[in-house]
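Take this structure first; my questions come after.
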Amino acid sequence: MYVLQQFLIDQLIIVLNGLSRASTLFLLGTGLSLVYGMLNFMNLAHAAFLPLGAYLSASLIRRTTGVVGDSLGFVGLFVVFLVVLLLVVPAIASMVGLVMEQALFEPLYDLEDDYHLLATFGIILMMEDSMKFVWGGQPVSATAPADLLGTFSIPGGTYPWWSILTILITAAIAGTLYYFLEATRLGRITLAMAEDKEIVSVSGIDTRSIHLKIFVISVGLAALGGALYLPGASITTGLSLEFVILAFAVLVIGGLGSLKGAIVASLIIGLVQAYGTYYIPQLALAAVFLLMAAVILVKPTGLFGEIDA
Amino acid sequence: MSQDTRTGLVSEIKGSVTSSWGIGAALLAIGAFALPYLPGTSQFEVFLVAQILTFAIAGLAYNVLLGYTGLLSFGHAAFFGGSAYAIGLFAQYAGVSELLVLLPVGVLAAGTVAAIVGYVSVRHTKVYYALLMLALAQLLYVLTVKLYTVTGGTDGVPITAPTIAGVDYLAMWGYGGYLQGVLYYVILLAFVVTAVLLWTFMHSPFGLTLKTIRDSPERARAIGIPVYQYRWYASIVSGAFTGLAGAMYAFLNGHVTPGTVLHWSRSGELAFMTVLGGTGSFLGPVAGAGAFILIRSQAQQLTEYWHFVMGLVLFLVIVFEPEGIAGIVSRIRRRVRRWRKDRGDR
Amino acid sequence: MAVLQTRELTKTFGELTAVDSVDFAIDSGEIVGIIGPNGAGKTTLVNLLTGVFESTSGEIVFDGRTLGDSPVYSRAQSGLVRSFQIPQICDDLTPVENVRSAILTREGYNKSLFTVLDWEDDTRLEASDLLEEFGIVDQQETRAKAIPHGDKKILDVCMSIAMRPKLLVLDEPTSGVATENKYTIMERLRSYFETSEVAVLFIEHDMELIAEYAERVVAMDRGRKIIDGTPEEVLEDETVKRRIRGEE
């Protein structure tokens, strides 16, 4: 009886860990997928916007705590944190993305595929060092929002509420994105572009402004991923280079340009990592790469993708 | 071979020897050979040039796939690091420290990894090929980091200076003598062998087959070329020579870690050097390796944010000169030729 | 003796039957034109014969062997060679290198690593001779991407001819070529046909070229072979007139 109970509790924790990991991966991967679907632009540097969001969050949380920390109550302070993490950070990162898109990324769109990967490899090196310049090479963390929420107890331990909140917020965003793509004009054009670029370009739609909007949204999503990731973890330089591959894994496993694919792939990778970490910690990450390679081999369009590269 | 081509060949060789380019190349070769004995050369310069030659080998090998077969790999770290690790681990577990044994072990290991990785990747091109190579190479990286009981994990593996044909030059001459008198020449020889062999391969029917596949896989099939098979062969050639570079790197640095030889950013660097030099020319990657190492060593002295400098260079090269250094050189050559012609007309 | 024979060859894509139980044969030395409106299944037929697609049912016998699912390259090696409607040539190679690549493959030299091509010249001579026959001058420095469109079409065909095919499938060899040059290309092809035993299958929209150069014509519509006969018979056929020649 006790063994069964312990087993179930372990399962619960693993699944929660998996879901919270999946949330980060979804927020990171889905923007990459949208941009690739629309522009055929494979952006290696996309993953660097997640640490950017996390670093911004760290600075802003500290600043906020310093300025208003004592004057507000528990609830007030938490609301301020949420506003900062959910709105201010993605907004600032989006502005950075807006400028970078026009200065660095736009000149690359017309080049061949191979050059996209190489040039954005250059950009990710620049972004990594820029973040190191601003925030230093030491690990940065800011756990205040997670500390405010605290933990809930389960037999044999506790679990942070922040992870639960992350999962819920991400689920809400996935829903919103789904609505955005299916029911708004911009969303439908985005989907149409992924299907057939020529038809859209001859239909008189200002494709350039749509590219820009989608790019900025994708940056905002990645930064939000970073903002939600930070309170439960610490960040350090080199994180972008690790997230690059996970972002690609989401893209490849789910299928290029597919929102549904990004959701399912994030869940798969998140759970594989969580279960792997629990049962075979040596091979948890390796399993993700194996899965990625297997999908490319067996079904190159990904689980839900229709675009063939 | 007809008389005509023979005389044509002779005059071509004469022409290239007497041209300013030929003379330049000859001077460069003599300079490279005499480097350790030139006045004012210290260990630092010899080490730097040895490093350039090491990466020049890797660049030439990398370009077999990128420039000649049309495949962008983000997984060459697996061959580079695979070889370096094979040497380190073999030396450690078999207790062998002989260059003539370790070198083939490294190249063979890289060739084997390339044969396996290549076999599963060659059905794909472009972004998919790049990502598949990335995933498979990163698999090797993660395994090396995590299986630390065998591999030493992130601490890596030390590689002691090997004996060469049984002679322990390090013990005889000290590190300076070993580096300048032996190891440098081993690397120079490896570079010359690589350059001669790969130049021959790329100008042989095999090379033409690869170029045909690069330009139009569909046409290649239509004239009877088994495209996947030749992409696979190209992967193995490229991987084995990248492994040779990895072996040289291991001997030169005396220590390898997953982060320095197996991480995907190393693959990115190899791609970077090759593109910087120019994929459209055989010797482009050599110039690319030279420029890369020199720019990096300058940038490292200047600032701790040298990655930023390298990233900027890569970005600028791709936006403004995708043909790389070789592209700039051929543009200058054309201009000189036109200038000479104009002068001759007058 | 038929060099190629198909029996109830069929290809379906989901609901669509692109090629519908086609029975067809061609002899050595024979020149057969294939006509049909867009979507009649001509290109699918070419892709089935050359091995780009696998047939849904039916069989193809080439040179006495059933082809089954043998891949494009091995069919090309055994003498079933095609050209392309949109020229498929190697842009960054010279025209001579393009043709030479086909010749070297034909001779099975692909794997030779140590022969430097600049020094070796019988395949080179063959390549430049072939191109010269078709009116393309051997320019060492010019890459194929820089030659005129008409020359690209010829180069594309020359690469196929260099394979010394037993059956040559020409996919609209004169499409996109100015009218006055179409006959130049076809005349050069004719003199090549006459000096070899090659069987030729060519898809063409230009009925005058069909009438002039084909010995036999096969008309296709909606995936089916509707008539097979001399050019006169086929071109005067009522269905052909209505469906293919656009006459009411």
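Quick notes on this structure:
Order of writing sets the chain letters: A, B and C. Residues in each chain are counted from 1.
Here is the rule we go by: contacts are C-beta pairs under 8 Å (C-beta built on N, C-alpha and C of every residue); 3 or more make two chains touch, one makes a residue touch a chain.
Being a predicted model, the structure only gives us computed values, none of them experimental.
Once CA atoms are averaged chain by chain and compared with the all-protein CA average, the nearest chain turns out to be B. Using CA-based centroids throughout, the chain positioned farthest away from chain B is C. Centre-to-centre, using mean CA coordinates, chain B is 42 Å away from chain C. Distance from the chain A centre to the chain C centre is 51 Å, each centre being the mean of its Cα atoms.
Note: centroid distance chain A to chain B, computed from Cα atoms, is 35 Å.
Of all residues in chain C, those touching chain B in their complex are 50, 71-74, 76-77, 81-82, 84, 88-93, 97-98, 100-102, 104-106, 109-121, 159-160, 162-163.
Partner chain B is touched in their complex by these residues of chain A: 42, 104, 107-108, 111, 113-119, 121-130, 132-133, 241, 244-245, 248-249, 252, 281-283, 285-286, 289-290, 292-293, 296-297, 300, 309. Listed in rising order, the residues of chain B touching chain A in the complex are 66, 72, 74, 120, 123-124, 126-128, 130-132, 134-136, 138-139, 142-143, 146-147, 263-265, 268, 271-272, 275, 305-308, 310-315, 318-319, 322.
Taken together, the chain B residues at the contact with chain C in this complex read 1-2, 5, 9, 200-201, 203-209, 211-212, 214-216, 218-227, 230, 233, 280.
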